[in-house]
Amino acid sequence: MAAKKVGILGATGTVGQRFILLLSEHPIFTIHALGASSRSAGKEYKDAVRWKQSKPIPDNVKNMIVKPCEAELFADCDVVFSGLDADVAGDIEMAMLKKDIAVFSNAKNYRRDPIVPLIVPTVNSDHFDLIPHQRSVHNLKKGFLITNANCSTTGLVVPLKALQDAFGPLSHVIVNTQQAISGAGYPGVPSLDILDNIVPHIGGEEEKMEWEVGKILGGVSENKNGFNLLENTIVSATCTRVPVLDGHFETVSVKFANDCPSVEDVCKALENYSSEAEKLQCHSAPAQPIVVTYDADRPQPRLDRENLKGQTVTVGRVRKCPVLDIKFVLLVHNTLLGAAGSSVLNAEIAVAKGLI
Amino acid sequence: MAAKKVGILGATGTVGQRFILLLSEHPIFTIHALGASSRSAGKEYKDAVRWKQSKPIPDNVKNMIVKPCEAELFADCDVVFSGLDADVAGDIEMAMLKKDIAVFSNAKNYRRDPIVPLIVPTVNSDHFDLIPHQRSVHNLKKGFLITNANCSTTGLVVPLKALQDAFGPLSHVIVNTQQAISGAGYPGVPSLDILDNIVPHIGGEEEKMEWEVGKILGGVSENKNGFNLLENTIVSATCTRVPVLDGHFETVSVKFANDCPSVEDVCKALENYSSEAEKLQCHSAPAQPIVVTYDADRPQPRLDRENLKGQTVTVGRVRKCPVLDIKFVLLVHNTLLGAAGSSVLNAEIAVAKGLI
Amino acid sequence: MAAKKVGILGATGTVGQRFILLLSEHPIFTIHALGASSRSAGKEYKDAVRWKQSKPIPDNVKNMIVKPCEAELFADCDVVFSGLDADVAGDIEMAMLKKDIAVFSNAKNYRRDPIVPLIVPTVNSDHFDLIPHQRSVHNLKKGFLITNANCSTTGLVVPLKALQDAFGPLSHVIVNTQQAISGAGYPGVPSLDILDNIVPHIGGEEEKMEWEVGKILGGVSENKNGFNLLENTIVSATCTRVPVLDGHFETVSVKFANDCPSVEDVCKALENYSSEAEKLQCHSAPAQPIVVTYDADRPQPRLDRENLKGQTVTVGRVRKCPVLDIKFVLLVHNTLLGAAGSSVLNAEIAVAKGLI
Amino acid sequence: MAAKKVGILGATGTVGQRFILLLSEHPIFTIHALGASSRSAGKEYKDAVRWKQSKPIPDNVKNMIVKPCEAELFADCDVVFSGLDADVAGDIEMAMLKKDIAVFSNAKNYRRDPIVPLIVPTVNSDHFDLIPHQRSVHNLKKGFLITNANCSTTGLVVPLKALQDAFGPLSHVIVNTQQAISGAGYPGVPSLDILDNIVPHIGGEEEKMEWEVGKILGGVSENKNGFNLLENTIVSATCTRVPVLDGHFETVSVKFANDCPSVEDVCKALENYSSEAEKLQCHSAPAQPIVVTYDADRPQPRLDRENLKGQTVTVGRVRKCPVLDIKFVLLVHNTLLGAAGSSVLNAEIAVAKGLI
């Protein structure tokens, strides 16, 4: 199979930089075009970007000329990954879609669109079933638009899905996040705000978490033209920013609609959970969507965020919750599975399903 | 009134250092004796201590000779404050008590003792009513033993008490803590564990929080010889350590046994809450036991931990909880109101009540 | 003496906030006017500012209406303190000066001006002698313009002055700085750049340090109409940014033009150094311009930056340098003595000298 | 060639953990024995260690039984790497040597021994020439003892050697270090000492740097039975600890005995420098011993410490020093090239030279 040509929108941003690292040596994708704002367009990538990764800029990308994010300039791409900010993502991604391009977006703009799948790759890849309907609505042959979830939502829904599959619906979820600074991009969080400090507010984040869970854990409608949002799983989120570079940490309490399973059964269900991404043998699929730790003081961001190349969710401290049923803590790499890693794996799934 | 002579046990430790700063210029207490381990005993304080405060050692303490923590050496103290570690606090504090000394302990050892009050000064100073009974049991004239609460419990119970007073019992509480490193003493948390990291476990902390709330928010029995532990308020705690120097931050969701009040009424109840400590005009009583902030991103440890000299609890982001009733975040200075500051205020209350 | 009315330019910035804290309860100055950019003008201060101090906004300032920085709006001020950014400070400060106002600037714009004194208050308050000449040039009656030094320069010149006074000229100085993030203002240094990191470059800082020393440590010309820049003291600076909130730390090696004194004599000279600011009994003058520490691991930013209210320079680890003569480390509070604190003390000196 | 069996002493410590990561998949070494204190001996490695690396414990090491550090238990090892603390390293390493084992030590104990080479692998691998003499003194057939340098010394001597080779002897060097916390091992630096702080003292570090340079940059005596210490290169060091996890950062000023070369020539000399380790095609030799950066704000610990797998020294900001001749900054990974990485590369060189 010939490598698929990919474009990266918002290529100079934090998520864009992760896309470049993930795709520069990818077995089925090859970086073909880079898009960024007009300030960067026309420059070589190495001159346009403020590179903030600990690995250097890949050689095959350094001298690529950055383009403006105009759809016609990406028309020869098989796939476009978007790390654009929400204030520009809406128009640009729609223009790309209308050019019949397969678009994988990290932005929030279309997550609530009733015909756009919101896919966490190790959770609800069955939502790709809606693509034929989406294409017919937009009158497309090969293009489509997929979004991935908010980084904190992503970490949460993987274990929730495992629990829902094993024990039936969850009635209530209370989640608290301690989110890494890389989630805010660059320049992002001022150091004066976060050294020796916690910021107990991230604009819009709690609302996203409370809503997105219902779309992701819900199903596709019978005739594949819409989504059945979960209505009986209530989520309450509190989101904070902490002085950690990478890795969102979350504490979670859940209540089951049915009987509460034992801690042992919960651990077993989390460990045994597997997703379609592994079955399709996708390159970026983790060996396990969930790693369960039994050490009392794990997971920790610095030690566990790179687990399974940052594509798994690490769950620990599973125990009874005196108020709801079960509580646990989790860690997700916010710019890998929580952002660029989800998009890339979603695209691999789409290729495996013959959609690209 | 002549100044009361006070002794400080564990004077070289983190809590001991705070005691010294709080008491070196106190209007009714004067530092009379310092106790520490045999390693420090016999040395001048300045040579025995590894001082880690940003204010210098007070001049009137620098050259005091540290004593071993033997009861007879503190017999001429009116009050003894204990910042001892739990592994030695039990025996030493009991020996002091038996010498008829008034002992205010920060250690966990006697918190669950059925005749020892566990007092957060702005919450349950009525628990001093048990002292006559305690004295009769131990056959004492002027001595008694009071403990204050775990630092994280302390931050939590102040707003819970305000809510309980205003709206009746709470049925359920879910609390998550993000605790400062100073809570672990010195050397305490290794920097390799906490820089760019979160540690999701603090030994025994969750159990303390879940249990202590019931004693503190419960009442004294009718004949003043025991405590009525709250049985119908269920608490679920998850405790984590974060890279913050001072100030424990907590996110809280509560459910009321009765109808849920409005957010406005909750804010009003928190703001209007006052305690006996203010009414008694104690020196260290905060002007308000609770400060409510309305900025979306407050309280923050670095900006708010010194509010009202670290003796208040700052509450923010009061809002509806989709799962329980109301959620909010709070901040408490863990070594001031959360430790030494509680002890000192408790002792001031005891003086005001004529117990010392 | 009636309180002098002061205006604060750049009142919403990091330095401006420090000015407000220093001046809100000042015995001889009273805050009369606040100036900021057109974005803030017309708003109440509390709504215009993003307050980042651990002490709250003083009540007497909260509701003051912020003005644009136009000279006529500050004409009734006796003194204007400027915390303006360099890109606007030049024009605005000159306009204020021409309105016959006494201006104390933190900006770099006029530091190299041949008739503007560059004064570190505990070092070269004799440079006020040039004011009559400056007034005559600008045709002023009561106005004048004084700048204070770069924050890192300020920390360095205090001990250099003490050594120069005691042992004659220094021929060579090598200095390395480790500078706090608050020196960069707000939003300033992105957290992604500084958590778990060092940034080995601060634009223009090394040049400022290498040049400013020569003006500050030089004298006023005999007829009081210019400055004699030191030409035989060569300075080499390397400046870095580190993850510390407040307090610039510097390591220094010096070579004397004459014989090298003993370490003991150097310590004595530093400890015994005193300045005109103390002799004039200025409110903000530190009891000692230099505090010498003898502990092997001091000074440390977190423990020593508040020494003598942040108006002193703490020097430690004085010892022989195998390459030059003597080496030591020092700490200066970058927003107190290193910025707003210098300006305020300079103004107090000017009042004491009858210039205001 | 059959893989060489290696033992690791101090296997549970910070340096020991790095040895394990470096050696678990090594082409010519295979981990054969692990040694640690009696507290760990007898346990499986995974139970004995507090693993603090972001990569998990290699599977082939997890269940190895840790041994006490007794020489007879390591007699079947071809090589022993020692990450022991200095208080026990002296006796244990000597016992291993007397068992005719090739010992590569990270400890300071034998660095000043007149017949023990002190080798930084990309600097002075010619010091292996002394091994025949060492063997004859100790009456050994295949054993010998090599130490590597202090971590900060290691970063410094690589560029110094390049400059010395290109431009002749250096007469003076002034170096300031900003050292990472991982250099102090675990538990190491208490977080209360280093969050929002700098500690300006690391016991013995400055003396090590000032002395070790002279041995490493000096030559082997003509008859290969001793070392000619450099006497005319004077080094002055100031060492500080900063809140960075990995990567020692240093600022350096040097003076040449001969004429000062141009900045361009210095950069060229640094970039073109190569060592015997590359020529011998050793597995762990970096492609370049020195990477030169030309960005004004590089190197930075977080972004550059992994350059060339942590086996290179990154040098930046090369420019004229107004006091000495040339100044620059550098970064070295303190637990890779600065510790375990040097030992492993030294052992690879020894194999290539036929000494093992």
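Order of writing sets the labels: A, B, C and D. Residues in every chain begin at 1.
As a working rule, a contact is a pair of C-beta atoms (placed from the backbone, for glycine too) under 8 Å apart; a residue touches a chain by one contact, two chains touch by 3 or more.
Going by UniProt, the chains are A, B, C, D = Aspartate-semialdehyde dehydrogenase.
What you see is a predicted model, and the numbers here were worked out from it, not measured in a lab.
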item: Copies chain D and chain B - interface residue numbers shared by over half, same or different; value: same
item: Chain pair showing more contacts of the two, A-C and C-D; value: C-D
item: Maximum centroid distance from chain C, chain identifier (CA atoms); value: A
item: Distance between chain centroids, defined by C-alpha means - chain C, chain D (Å); value: 42
item: Euclidean distance of C-alpha centroids - chain A vs chain C, Å; value: 48
item: Sites on chain B at which at least two other chains make contact; value: 52, 193, 195-196, 243-245, 302-303
item: Of all residues in chain D, those that touch chain A in their complex; value: 52-56, 195-196, 245, 302-303, 305-307
item: Partner chain C, residues of chain A touching it in the complex; value: 14, 52, 181-182, 186-196, 243-245
item: List of chain D residues in touch with chain C within their complex; value: 172-174, 176, 178, 193, 195-201, 210, 234-236, 238, 240, 242-245, 249, 251, 253, 296-303, 316-317, 321-324, 327, 329
